[in-house]
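Letters A, B, C and D mark the chains in the order given here, with residues in each chain numbered from 1 onward.
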Amino acid sequence: MEHIGLTHYLIVSAVLFCCGIFTTATKRNAIGILIGVELMLNSTGINLVAFDRYMGPGRLDGQIVALFMIVLAAAETALAVGICINVYKNLSTVDVDSASQLRG
Amino acid sequence: MNSHTYEILLALGVLSPFISFWLLVFVGPKLGKPLAGWVGVILGMGVPLAMASYVLLGWWFGEDAASRAMLGEQAFRYHWANLGTVPILVGIKLDSLTIAMYFMVTFIAFWIFFFSVGYMSGHSDEVDGKSKYHRFFAYLSLFAFSMLGLVLSSNLLFLFIFWELVGLCSYLLIGFYFHERVPQYAQMKAFITNRVGDFGFIIGLMLVYFQLGTLDLDDAARIFAEQYAAGTGIFASTFTMFGWSLATIMGVGLFCGAMGKSAQFPLHVWLPDAMAGPTPVSALIHAATMVAAGVYLVARVFRLMTPEALMFVAAIGCITLTLMALIAMVQTDIKKCLAYSTLSQLGYMIFGLGCGAWIAALFHLITHAFFKAMMFLGSGQVIEGCHHEQDMRKMGGLIKKMPVTAITFLVGVLAISGFGIPGTNIGLGGFFSKDEILAVAWVRTFDWNDYSRHEAEHGEHHAASVPAIDSDDDASDNLNGNHKQMLLASDPQHGDSHAAPQHGEAHTASESPRGLKPSAHGDNAHGRAGIFSHVPPMPKWMFYLALFTAYITPFYMMRCWWMTFMGKPRDQHVHDHAHESFMMYFPLIILAVGTCFASYFLFRDLISDASTAATIAPMVLATDGHLHTAAIAAAHHWLITGVGGSFVVGFVIAILIYGRGLGIASAIKNTVGIQQIHTILDHKYYIDELYHLVWVKGCLCIAHIARFFDTWVVDMTYNTLAKLTERLAAFMGLIIDTHGVDGIYNGIAETAIGMGEAVRRPQTGRIRNYVLFAAGGATVVIVLMLLYWGVGSPEQVAMLTP
Amino acid sequence: MWLALVVTGGIDPLNRIDIAMNTLTIIVFLPAMGALLCLIAPKPMIRSIAVLTSLVTFLFSLTLFSIYFGSDAGTSADVFGSTYGALHHVIRLPWITTDSINIEFFLGIDGLGFPLIILTTLVSFLSCWASWNMEKWKIGKGIRAYFILFLLLETGMLGVFVSLDFFLFYIFWELMLLPMYFLIGVWGGERREYAAIKFFLFTLAGSVLMLIALVAMFFYSGDAIAQAGGEVASAYQENVTLTHGTFDLIELATNETIQAYFSSPVTRFLSIKFAPLMFAFLFIGFAIKLPIVPFHTWLPDAHVQAPTPISMILAGVLLKMGGYGFLRLCYPIFPTGAEFWAFTLAVIGVVSIIYGALCAMAQSDFKKLVAYSSISHMGFVLLGIAVMTKAGFQGAMFQMIAHGISSPMCFFLVGVIYDRAHHREINRFGGLWMTMPKYGTMATIGFFASLGLPGMCGFIGEIWVLLGTFDAGSKYPWAYTLAIIAAFSVILTAGYILWLIRRVYLGKEKEEYAGFSDVSGREIMILAPMALLALVLGIFPMQTVFDFTNGTLDLVLAHVTNAISMIP
Amino acid sequence: MTMCLAQSNAWAGIDVTRHLFLFSPILALILTMLAIVACPIIVGRSAKTIGAVAVMGIIASFILALRVAGEVSEGGVSGLSTLPAAGLLLVDNLSIAFQIILLAFMGGVTYLWWMGSSDSEENAPEFFILLFGSAVGMALMVSTSNLLMIALAIETASLPSYAMVGFDKRDRRGAEAALKYLIFGAISAAIMLYGISLLYGMSGSLSVSVVAKHCIEALATGHDLVITMVGLMCLLAGIAFKVSAFPFHFWCPDAFEGAKVEVTTWLSVASKSAALILLARLVMVFCASISAPEAIGILSPLAWGIGIMAVMTCTLGNFAAYKQTSVKRLLAYSSIAHAGYMLMAVAVFVHPNSEHSQDGISALLTYIAIYMFMNLGAFGVVSMVVWDTGSDKLSSFTGLLRRAPLLAIPMVVCLMSLVGLPPFAGFIGKWWILVALGQLNNTLGWFLIIAAVFNTLISLYYYMRIVVHMTLRDDGQPALSFPLGGVALVNLCAIVLLAMFGLAQPMKTTSEQFTRNIFDTTTVAKTAVVDAATIQPIESVQR
């Protein structure tokens, strides 16, 4: 039974990140894609905090940045939802594949 | 008179036709008819003729041989341009040949101009009532200018320039009736055929410029002789083509030009067609002067000719004179008949030059110019009289209607047939010139080995040996009148060959302004002695063909005359219309007199005077009467009589056949065997057809291929390139950006999540594909970078650690 | 001068205005001033202003003859100096100067530029005058724009011939593109769009290569100087030292340090030998303009579609820029490249000669025929330059001038009849000489001049090149063969020209053309100078051209051959 | 954060008012934004009013920027402050120069908006808030060398842009464009942040200079190479998205086509160039973090990476533009291509100690300045055509020379300038980039030069298509009606483009002034060593 170390956190966050990417790439629902983005951002958060904890004890930069991340995510989500609503008004769907009028 | 006086006079003679040309071009229409004509006659030819006569008298009677040569050496040169580093000096080649030619041209041309004033007034108005009368004389003046320039040029390049200009004039004049179809093609044919010749000429020029480093006739000859003596330069090169050395190729190349202008065998096709031009033009350009320019050129570059080249020249001449004479036998168009006889006679001249009879050939040139011009004018008179009828079969019996024409024409016929009494020196032009050519040819063919051995022995001072030969000639047979003439003829030569050394020294002493070393006779003689050993005798067939043709010539000429003037009129309408007018037959009379005059006196002496300086070369055969003397000395009597009497045979046969109308002739024509031959001759050996097929059609075919290639290959390539770029653009823009992305990444998505619904709607502009592609791209980039990256080199690490 | 000042950098212009008032500057920018004038002038005056401007430019350019006849001149050594790089009317103003770059507004002329400047101003004047009747054209609108573009074009062309700073040269070179594009594209024939874009794309393709060469030459010369210790005395200017790369064409050609570095085989550009590669880049750029098979296909289209005066300019001047480029850039700066490519270039030249002639023979469009004949004639230019003999260089230069006289004349002759018949089908013409005697006479002169008839301008160039090529046989054995093949073109040329004359001018008068008026006074006045020159150049080549060009040409050649002889 | 600031006594001995002054342009923008927020409550939301306020704000900020520029070029705050935790923001010539350009361009866009939509627009305040917001973001992007700040700035610039693209709520295409832009942006932002987290973890600092140090160490020694590089690439990906460099350009055409012309204009220049300057700054820090000029070669993979990205970008942009029928979309692709050209300038890796160290960056600055005018002019014409005909299709440009010569001629000038043809400024812009690449005098440099010139050739064709439609064709459409102000704007642009060509010299001098001594290389070296010493490899940490 090995002691939980930085590597494990990194692996977790990496997996999370990949899930995020995967979601964004495969989901057709805009909201779903945004959730994927959230996953990626959260994996970032995990990274930052873990690094802060293990690499430079006493420094709080990572955690501060993590806070910023959360705020950013919130702002982004807010805007995204707004745009999604707008899209829904116009296209009466949030299926990103149906938003394919602009092409070429 | 010093040389500059002569030059200035001659130059004036060249300029005045030029002036009259521009005068007629600009104010011609206002002058109208016949004033424009008279301007042409006076300004275009009167002035030159005056100059020519004055110079001729001064030159021939005012100077002795030495001072003539001296004047030639001192002749003025103008620095025209630099060809690379080689300065091109333009000037006047001042020697007896120039003056003889100059006088001949101006004299004949003057009377032809004169003739034209009357003749053209009836022949210039066909075209839509717009008179081209002045245009005709403008062209004639331009021709006079170029022809005289050609005669005077001392520089090959300038000779070439005027050469082309006379070609242009001939082009313009052949096409004078360009509203008709035939002249259009005739003029093109003439110019392009000449261009083919010029192609060779240019190659010759290149070789001269490149190997001899000059384009001046005299310098070139001098350097050529020196190079020959030293075996350097052009003689050093080992390059050969069809077994010809470079020097030979040079000679042949230059001769190609002559083949074009003088219409020698492969390039003869244009001359008969050229008869489509007005008759005076045929007389002046295509009988007397321009076509003779080729011969003149060969005479001028004679000194650059190797024996092989001369052999080629002789062969071409021989072929031409035979084939054309044969064709002439079956011609029914009076002008065509004369044209072919011209070709045949030109063949004689070329042949003469080829076998070294320099004097004889040029002499023949001049005599021929007189009588052939006269005959053409006569034919013009006939055609005019007969209402533009040219077919001899429709004529006959015209002697009653136009006696003067008939008589003068007969004079011409006699002259060309070499009429004369063998054994005396009574005779007309051809009798002397043609026979002399044959005599030399005979020596070259049969007596050559003895002669050249004899030459080699007496290498330097053959002059000394001449009297000996003379004496034993006298001893051998003094019945031989021809021989006496030859002696007479060769007298000036003796003078020369004695005078030569002094005048040579005189010039080595005097510094010539151009630093040209005057050609001393010694090394040439030495060169000659050397070269005779390898100059081969002529093949026999040449001599026999020439001799044979000597019998044909009188036949077809007499046939022509008889069909035209004697017998019963075959076409009453023509006959009734026939008439002659003073304006036209006056020149005939003059020329007839000229023919008799030009037969023996003056011209041959002039030429033989020129010969000494003009033919200093490895190949000095006919330069001195010495050879003729020897020729006659060695000649068997049958040659004298045979050649001398040839015209009798010819005449008799002709009269026998055509004496009673065309019946016998047509009978013969229709006999089996002859008929086929006749057809072949009538179609001129189908050479025209051949050329049309091979050259005209071939060239156009290639041209169209080229055009096709240009439009459908070269151009297409670029258009296709453009298309490809667009396609590529479409590919990058649409496919990669959208379809491709879909294609690739739907596939990935499929394999990733095992659901193929993404593939079902391969729509474009789908954000998920964008994301996938971006992510994929990023991954690829990262991987590549990592692969490429690796660890830095130790020294880099070292640099990094401070 | 406003434009001049902008170009001179606009920095403290006031105290430069006197320097800028240089003959060449005036000549180059007079047309531009005229264009400005046209911009503001009332419509009816525009034509006259434009024609006057071009006339004044021409007359003013004649003052350049003072180089040769002025008091300062005298012997050819004074005019051309003893080494390549003796210039006259030089003007050097710093334009873009940083610590590492010194781009100058550097104009000057020598035997290369001089005759072409005169030619340019003359042809521009004549063709500007030829545009007089443009309202009568199919697209007769937009006079203002037309003449403005025309004059800008002239400025561009003149600039190319006088600018000796490569950067400036390039600018002027590109400057012509746009006006020419619009002149063809807006006022052209049916397929003008295609022709114009084709012209543009081809030329730009050439000039991007030139741009690469421009940058590369600058930095490589910089390397050369750096290797030589960073301080190299200028080859031809007193008390000037080069500390970094230069755009000075003369310097690039004459400075030993730079030359040695350029021509050394170890100097590599992307691991390719420097000199041959750069030579090729520049060559293609110029070959497209010349034009040379296989880069020629823009020319027939451009010529056929362009209005007559533009065809005149195109044939008379633009084509010459290619040849000028060879003589000014390729050969002096990359002699080793020249040696490397000699055979290829000569072959291309001969191919163009024969190929152009054959294509011309097969054309049924009057203008296209003349266009292809241009290709054939410019082939002589390339051949003459490629063999690098004195006669060859002289011939090439003369051929450029001669062609600059004869082919505009031919194009104008085509234009004259096109204005009347509104078609160019050779086979539909006939008997025009009877209908329009004056025109027929002029046409004969023009076409025989381009046929290369001795006594006319076309002949000198051709024969000089041919003899020059043959002369090169001592250096290059292949030269003999090429010379002979090239000489064969005299027959082809005669063939298609005479055939053309027969089909168009000879024959019976056709009733459909019976009503045609003969050439008007204006047309005569335009044709006469060209006809006269065609004759005079042919009769007095030395006094008209060689005296002005040969000095420099010989120096260039000496420089080139000397450099080649250095090659181990 | 405060802690971190306290740690590296960044505030100690620094005059705060002076710092406020140095950042005053950005502050002015923010204040204006607030003012616009307040406006509807106080004076009402009429477009004209708002516009007036906005313009005043822009002018004020512009003047301030000029003042600051005067200070800075005298060496006020000079150099990237590369101390490990030196504050989040910095001011130097480069950032100020960019702010000046940005504000000028902003003025142009506002003017365009004023001409076009000020009458119809009822959401003026929102529009300007977004505009200013993104402007602030861009201004911040170029004035930081701190990873956190970079992330924040990019987001600040991006979020308003998303909204601006989809600003017209009734426009289906706009909504779609916004959605795409948003999703793409959000994802790439997330990727970038992930990369930042990794870099922070590896180097233990957010300061770019320290990160650069660490990356170089990793490169040299191979420690944590993979993870560091992944981090770095992710960071680059985020920036590449803003630059719209291949393969992160997909949002660009769609977003630009869907958005209003003013917005397109704004994004096509401002966001891209801000990101480019940011990237250039990162590159400079990397170069500066190498102690010896000779060792610059160790970064060549990075240089090649950016170079190849640049070539791909402009080639793809040019080719993709060929078949476009919508001029807006065509210009969008052309803007991708130009981003490629500018990336080439970024790919010039030169050590600050070596000669010509500022060629690349000054060329970039010059190019941006010129590009601003070119695009302003081109899009200005497009917008005026759109306003009148309601379509941005190529066909609606047919015969423009007759219908509106005063639009056609400047359009031709702008397009030819975009091609890079003398005598227009576009050529000068390209020229300086070529020179910068030539200064490298290595394979990469020549490779990029060749790619650049051939792309010029390729690009000619599709620009020419517009010219052909405008000048050579005419299908008799009615004459165009357009606001005179707009005509004045585009003609001004055209004239400026001509003049800039003649004034190449002063431009070059100015841009060199603005890019002089933006390094304080000594500090880089010193601090770098310190950091390198303090950093522990991961393995050693975890027990």
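Convention: contacts are C-beta pairs under 8 Å (C-beta built on N, C-alpha and C of every residue); 3 or more make two chains touch, one makes a residue touch a chain.
On a predicted model such as this, the values are computed, not experimentally measured, just so you know.
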Could you give the fewest steps needed to travel from subunit A to subunit D through chains in contact? 1
Relative to subunit B, largest Cα-centroid distance belongs to chain A
Per the definition at the top, count C-beta pairs in contact and tell me whether C-D or A-B has more. C-D
By C-alpha centres, the chain nearest the middle of everything shown is C
Chain centre separation (subunit C, subunit D; CA means) in Å: 44
Taking each chain's centre as its mean C-alpha position, how far apart are subunit A and subunit B in Å? 96
So the centre of each chain is just the mean of its C-alpha atoms; given that, what is the distance between subunit B and subunit D in Å? 79
When the centre of a chain is set as the mean of its C-alpha atoms, what distance in Å lies between subunit A and subunit C? 65
Among all residues of subunit C, which ones touch two or more of the remaining chains? 201
Which residue numbers or ranges of subunit D touch two or more of the other chains? 179-180, 183, 187, 191, 254, 323-324, 461
Expected list for subunit A, residues touching two or more other chains, is 21, 24, 33, 96, 99-104
What are the touching chain pairs in this one? A-B, A-D, B-C, B-D, C-D
Can you name the residues of subunit B that touch subunit D in the complex? 725-726, 728-734, 736-737, 765, 767, 770-771, 773-778, 781-782, 785-786, 788-792, 796-797, 799-800, 802
Which positions of subunit B touch subunit C when the two form their complex? 25, 79-85, 127-128, 130, 157, 160-165, 168, 171, 175, 178-179, 181, 184-185, 187-188, 191-192, 195-196, 198-199, 202-203, 205-207, 209-210, 699-700, 702-704, 706-707, 710, 714-715, 717-718, 722
Using the touch definition from the top, list the residues of subunit D that touch subunit A in their complex. 1, 3-4, 85, 147-148, 151-152, 155, 159, 162-163, 166, 169-173, 175-180, 182-183, 186-187, 189-191, 193-194, 196-198, 200-201, 204-206, 253-254, 257-258, 323-324, 329, 536, 538, 541-543
Okay, in this complex, where on subunit A does subunit D touch? 3, 5-7, 10, 13, 17, 20-21, 24, 30, 33-34, 36-37, 40-41, 43-45, 47-48, 50-51, 54-56, 59-62, 64-65, 68-69, 72, 75-76, 79-80, 82-84, 86-87, 89-91, 96, 99-104
Subunit B residues within the subunit A interface of the complex: 733-734, 737-738, 745, 749, 752-753, 758, 761, 763-768, 771-772, 775
